[in-house]
Each structure stands twice: as structure tokens, then as C-alpha cells.
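In the two assemblies presented below, subunit A is common to both, partnered first by subunit B and then by subunit C.
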Partner chain A sequence: RINSDGKPAKFQPPPKPVIIDKQKQREERRFLSPEFIPPRGRTDPLKFYIERKDMIQRRKVFNIPEFYVGSVLAVTIADPYANDKVNRFVGICIQRGGKGLGATFVLRNVIEDQGVEICYELYNPRIQAIEVLKLEKRLDDHLMYLRDALPEYSTFDMNMKPVSRLDHEEIPVNKLQVRMKPKPWSKRWERPKYNIKGIKFELPETKMKAAQKWSQPWLEFDMLREYDTSKIEEKIWKEVSEELKK
Partner chain B sequence: SITGACRAIQKLTRVRVVDNSALGNTPYHRPPKCIHVYNKTGVGKVGDTILLAIKGEKKKALIVGHKMPGPHMTPRFDSNNVVLIEDNGNPVGTRIKTPIPYILRQREGEFSKVLAIARNFV
Partner chain C sequence: MMPIWTKSGKKHAVTLLKVQDCHVLRYISKEESGGKTSKLLVGGKNASPFSKSESAMEIFKEAGVPRKQKVTTFNVTDDAIIKPGTPLYAAHFRPGQFVDVTAKTIGKGFQGVMKRWGFKGQPASHGQTKTHRRPGAISTNKAAKVYRGKKMPGKMGNIYRTSFGLKVWRINTKHDIIYVNGSVPGHTNCLVKVKDSKLATYKDCNKNPPFPTFFADGDEKLPEDLYDEEIFQFTDPSVTYA
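What follows is the complex of A and B.
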């Protein structure tokens, strides 16, 4: 190569390619299903240990995928009264409740202008398959306000195809702000006790300020209500992952 | 004043008629209301017969879905749905578009004609 001066330039070796091995660098994302974490109370931990053993036993036989409130699931259950004896329902998960073997999740869908909600038990042997069609999180812990929202936010096609996503990506948080039907609602969602972030309130400012009258700002500093689950989660995660790898 | 919709169906609950019968779909200035539940308790769940007051007439009806959460794995509807029925069990309408729970199939003997006109099942 010749420089602009006309003299030959010193040989510069090409820059070495930097290899970023994504497989090794990404941290293993841990997900512990919320029903494994025991509730705060004075029950003997032996009870939760025995329940956990049964839950792990069921999970070895039947795969319960990772999902959050706000993800779209399709559940097939064995139903003696259905044609083909199987009953398939697609819906958005609006709530996950219960601990241990009685853990439930509620799926909501709007079929032919009629809102339908079904509460399924995760560890019920009648369940034959749980597929996650769309894995995503929402801004709130529960989506009960979808009952008072416009029906378009709860409609999902029964023959929806699963949305593909890469394994190592983080779970997307859908920051959708939902538009509501006119008041009255089943619960006064604008009040700070529900702490809902996923609604686009189109109420006048006076109403929003009047709702703040019911706020209890001392609750977040209440030490007796604290329940730190990080250490318990670590222990249970180790236990569960070891058992499931066997 | 309007009370919030009752969860299960009892006397004086306003219900929504779901089939395509003329009685159920013609508008009237008063909504159809339950006046009697054919049950030992006065509370009607899915599969119970009730007496409805529609357009100044009395008509029997079958409950196909209510707002009250029932046993797990059964559907809970956002409105109290009802199908108009004759005294002998024949449905008045000819088609039911809204989804019907599969539990009703258990009593196939009594409700076979209603289940025959239903399109969607949940």
C-alpha cells in the first residue's frame, strides 16, 4: 500500500476479531413458579416440604411451562362431556393464586361477545397440556380490570399460533395502557389501594385527586407486613432444580 | 337505583336471554327478571330451571351461565345467561350463539334439545 506522500506505509496487521460467546456470557435466567414459595405463617415447614415433593413429582411427569400474568395460554383438559373427550381453551392469564398443590390460574377470553373466565388448577391430573402461546409480563400483578375494560383487550383467537421467541431474550413487559368502559366498574380501580398502572384513566382530574384521599402512604413502611422471600427462594430454587435434573 | 348484577340467579335478578327467540330479542321497557327458581334453595346455578317474567308474560327458562364462580375448571361468564324453554323442555328459539358450558351435557336426557341447538361449547 502506498501513502498519500508516495512512500510505502508500514504493514499494519488487520484487527483481530473479538469473539463474544453469548452462550457462556448470558446469566442463567432463574424462574421459580410463585406457588413454591410458602406463605408467611406458623405452619410446620414439613408440610411445605412434602407438598413440594409432590409438586416436583407431578412436574417430572407433566411439563408446566413458565408463564406470567398477562401471557396467553392454551389449556387442554380431559372432559367426559366434551366431544373427543378433550376441551381446549385459549385465554390471557389474569391471576395466579394459591400456594402448593392448590395453585390456580384464571384464563380470560371473549367468545362471541361473551366474556368467559375459567379458573384452572395447575396440578390437577385432568389437565393434559398447557401451551404458552405468547409469553409476556404486564405492569400489574393481576389483570382483574380487564372485566371492566373494552372487550377488544380480552379477545384472543382460539386458533392462535404460538408467538416464537428466542431462549436467551428477557421476557418482554407489555406496557399497554388499557381503555375502560364507562363507569360504574366492578371495583374502583382508580383508588391507590389497587395500585393499577395498566389503565389509561380518562377521568377528570378532580376525580383522580378525590381517589387519592383513600391512599395509605404509611403501609409501605410497615415493618410487620414485610416478607422478604429472597433467601427462601434461593433455597427452594436449589432444591427444585436439583430434583428436576435427576 | 340499580343494584349490581347478582352473581348466581335468584328471585328478581335481571337475566340475559341468549337464544334467537322473538320473546327474548324484542326490546321492552323492562328487562327480563327471574320470579321463581325451581330448586330447594332459592338460588339457581347452571342447569336449573327458573320462571322468567318477560314482556308481561311468564316463561320458563334454563340457566346456562352465571357470574358466580363455580367449581374449578368450569367457566364463569360475564353475564347471567338464560335460554327460554317450554314446560315440556323444548327450547323456544332455534339457535344459541353464545358459548354453553360442557357440564350441561351431563344431563343429556333433559336438555338434549337445548344442546342440539347450541353452537359453541366452552
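What follows is the complex of A and C.
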């Protein structure tokens, strides 16, 4: 090649390719299952350490996937009274409770117009498989209000196919506002103590203002209720991830 | 307290008890104590020696052991006597044994008759004047006195009580932890006395226990965890019903 000047062109190296390291992006997101975080109390930390060892043992043999309240799961457990000796249930996780080995999650589904909620223990040895069909978060910590919502929001097909998602994507937050059945509800969800963001309240303004009478604005400034788990979480995450890699 | 699963899939609740620096303090012979069997004084958790008088510290000095927070007596047969100063470990018990656990119950303070003795009280409405949680009548007319031991309000809790016949599911030799079935009297981290069960149904349950006790410097090397046969261990695959 000859330049416009007439001299031979200087060698230009090709531009460096931009490498998006997907592994690094994946590692940046850490998920520690909430039952690993010890509750605030006067128990000896040795008890939590021993419980954690057992939990890690179980996780090495059986995979407990990452899921949040609002994701759709399918659970198969061994049932001595079923025809095939296994029982499969699909539902939306409405609550994750308990700490340590007794951690539970409640799945809700509407089968033939009957709402069904089943509470499973994460570390129960009878559980054969837990599959996450749809991994997503919702605006609230628990979805108990689905009991008073229209049944379409709790129905999920028993033979639903898992929704594919890429590994390094962030967990989508479903900002769905749920429509409710007419009052009375099992709990007064409009009251500020429940702090529900996922309901489309179609109540008159007067009722919503009257509900604010039960608000306790001093609660968020109460220092004795603070429980900062960030440092504990980091330590436990390191411990758990190192053990699981072995 | 923790859940434990058996191989058939049943869940049981289990209490963890830690054996914290237990030493044998003194041997009291049958004649000295005046009872039917000889006794062994055993001390529990280590505590500071500065808050007790010299005379109280004599027992610990003789045994060569730091001051213990709790000292209890165990009635032992003559062939089970241990030299004072030997440490006692959780491996003294084995999974499958049955055990009685004694401790001071949680103190509730001065309590009324409904909480303390389970009286029914009186109705909340329908004309009751200032009487909803009172004991009501305390004796009859003919008796003309109140009997001794009448159930009345008073200090509740903070007394020794025993849970009998608790199964030992698992023993952790590294941290000296005994997993005992069911619940145990007392609050979390309270001091507890664990004995072999006195119930007649469990008299022949102890198959070859470590006798007189488990000696750490002996020849026996135990694995870190000892499990009962029926426990589901987390290293096994999930339970299935074939």
C-alpha cells in the first residue's frame, strides 16, 4: 500500500478487541440464602456454626437453587402414599421463613378453583428436586395478600416450562400491582404496618387516609431494632462458598 | 434446638447440650456420705476463683482444677469410681442411650394462680366485679381452715425439674456436644445435669457404654461425629420410598 504522500504506510496494528469478562460479572453478584444469617439473640455462635456445617453437607449432595419470594418453583418430594411414590407441586413462593436447618418456604397455587398452599422444609431429606421455573423478585418480602387477591394472580400451570434466563443477568423485579377481591380481607393490607407495595388499592381516599392513622413513623429510627447483617453476611458467604467449592 | 430427620423421613426436634470443662472433684465413700451408694462430686463450667472464699476453693485445689460454676453429686456404684481430677467428655454417652436431664426452669417471678397452677379464673364480662383472674374459693366451710400446700399465687419457676427418658441421637466428640431428643428445662445456655435414665423401660438400653467413663488419653480414637442408626446423615442421598 502506498500513502497519499507516496511513502509506504506505517504498520497499524489492528484495534484491540474489547473483552466483556462474563465470569467476573457473574461473581460480582453474591447470593447468600437467608436461612444462613443467624437471628439476633443470646445463643452461642457455636450452635450456628454446627448447624451451618450440616446445611453445607446437605447442599453438597442436593442442589438448593437460588430463589426469592415471588419466583415460581416446582418441588418433588418422596411420598409413601402416592402412586409413583413421588409428589410434584408447582407454585409461587409467598414466604421464606425459619433459620438454620428448619428453614421453610410456602408455595401457593390454585388447583381446580381451590387455593392450595404447601409449606416445604428446605433441608427435608424427602425432597427429591427443587426446580426454579421462573426466577424473579417482587416488591414485597412476603406475598400473603395473594390469598385475598383475584385467583388469576396465584394460578400457575402444573406443567409449566422453565423460563430461560442468562446467568449474568440481574434478577428481574416484577413491579406487578395485584388487584384484590372485595373486602373483607384476611388482614387489613392497606395499613402501614404491613408496608405492602404490590397491591393496587382501589379503596376510596378517605379509607386510605384513615389507615395511615396506624402508622408508626418512629419505628424506622428505633436504634434497638437495627440489625446490621452486612459483616456477618460477608463472613458467612466466604465460609459457605469456600466449603461448596471443595 | 434443631430438627433431625430419621431414615424413614420423620422429623424430631433435638436440643444441643455442650459439655464444657467437666471434671470429677471428689470421691465420697458410702460410710462418709451415709447413703446406700458412694458419691462422686462433679464440677461444670469454669468460672473465676476470685469471688469465692478460700474454704470453698479447697475442693478445687485438692482436685487440681480451676473453680467450677456448678458442682453436682452423682450416686455411683463402687466399680464406677473415677479418680478426682479426671476430665469428663461428651463421649461418655453414646447415641441410642436414654438420658434424664435436670436443670433449673426459667424463672417467671411472682405469678398469679392462672399462670402458675392453670386455674380457669372467672368470665371477662356478664357482671363480674373486679374478679377475672382470682382463685375464687380456697377451702370449704366444714374444714374451717386452709390446707397446707393450697395452690396460691407465688414465685414461679427457677426450681430444679427433670425431663426423663430422652434419647441421645448424636454426639460430636470434637466440640463435646450431645444431641438429646425433645426439650430440656431451663433457658438457653443454662447449666444442666445429664444422667443415665432411671426409667424401667430403658434399664437394658445401654449396650457397652464406655465404663467408667470415656478417657481422652486412652487408646480409643473416635470419629468426630457419632450417629444413631436411624438418623438420616446429610452425606446420604435423599430419602425415597421404593
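Keep this in mind: the second predicted complex is superposed on the first by the 219 of 246 C-alpha atoms of A that agree within 3 Å, B and C clash if a C-alpha of one lies under 4 Å from a C-alpha of the other, contacts with A are read in each partner's own complex, and residues count from 1 in each chain.
Please note the rule applied: a contact is a pair of C-beta atoms (placed from the backbone, for glycine too) under 8 Å apart; a residue touches a chain by one contact, two chains touch by 3 or more.
Bear in mind the structure is a predicted one, so any value in this text is a computation, not a measurement.
Participant: Could you tell me whether subunit B and subunit C fit or clash when both sit on subunit A in the superposition?
Facilitator: Overlaying the two structures gives subunit B and subunit C room side by side.
Participant: After superposition on the shared chain, which partner residues are touched by A:147: those of subunit B (first), subunit C (second), both, or neither?
Facilitator: first
Participant: Touch test for A:104: subunit B only (first), subunit C only (second), both, or neither?
Facilitator: Touch status of A:104: first partner only.
Participant: Can A:210 be said to touch subunit B (first), subunit C (second), both, or neither?
Facilitator: neither
Participant: Looking at A:9, would you say it contacts subunit B, subunit C, both, or neither? Reply first, second, both or neither.
Facilitator: Neither partner.
Participant: Would you check which partner chain A:163 touches, where first means subunit B only, second means subunit C only, and both and neither mean what they say?
Facilitator: Neither partner.
Participant: Return first, second, both or neither, reflecting whether A:126 touches subunit B, subunit C, both chains, or no partner chain.
Facilitator: Both: A:126 reaches subunit B and subunit C.
Participant: Considering only C-alpha centres, what angle arises at subunit A between the directions to subunit B and subunit C, nearest 10 degrees?
Facilitator: 70
Participant: Is A:85 in contact with subunit B, with subunit C, with both, or with neither (first, second, both, neither)?
Facilitator: The second partner, subunit C, only.
Participant: Check the residue A:117 against both partner chains and state whether it touches subunit B (first), subunit C (second), both, or neither.
Facilitator: After superposition on chain A, A:117 lies in contact with subunit B alone.
Participant: Working from the superposed arrangement, determine the closest approach of subunit B to subunit C, counting only CA atoms, in whole Å.
Facilitator: Least C-alpha distance: 10 Å.
Participant: What residues on subunit A does subunit C touch that subunit B touches too?
Facilitator: 79, 121, 124, 126
Participant: Could you please specify the touching residues of subunit C with respect to subunit A in the complex?
Facilitator: Contact set of subunit C toward subunit A: 2-3, 5, 9, 11, 16, 18, 172, 175, 177, 188-189, 232, 234-242.
Participant: Across the complex, what residues on subunit A touch subunit B?
Facilitator: 77, 79, 81-82, 87, 89, 104, 111-121, 124, 126, 147, 184, 186
Participant: Can you list the residues on subunit B that touch subunit A in the complex?
Facilitator: Interface residues on subunit B, with respect to subunit A: 4, 65, 69, 72-79, 81, 97-99, 102-106, 120-122.
Participant: Looking at the complex, which residues from subunit A come into contact with subunit C?
Facilitator: Residues 41-44, 46-47, 50-51, 54, 57-58, 61-62, 78-80, 85, 100-102, 121, 123-128.
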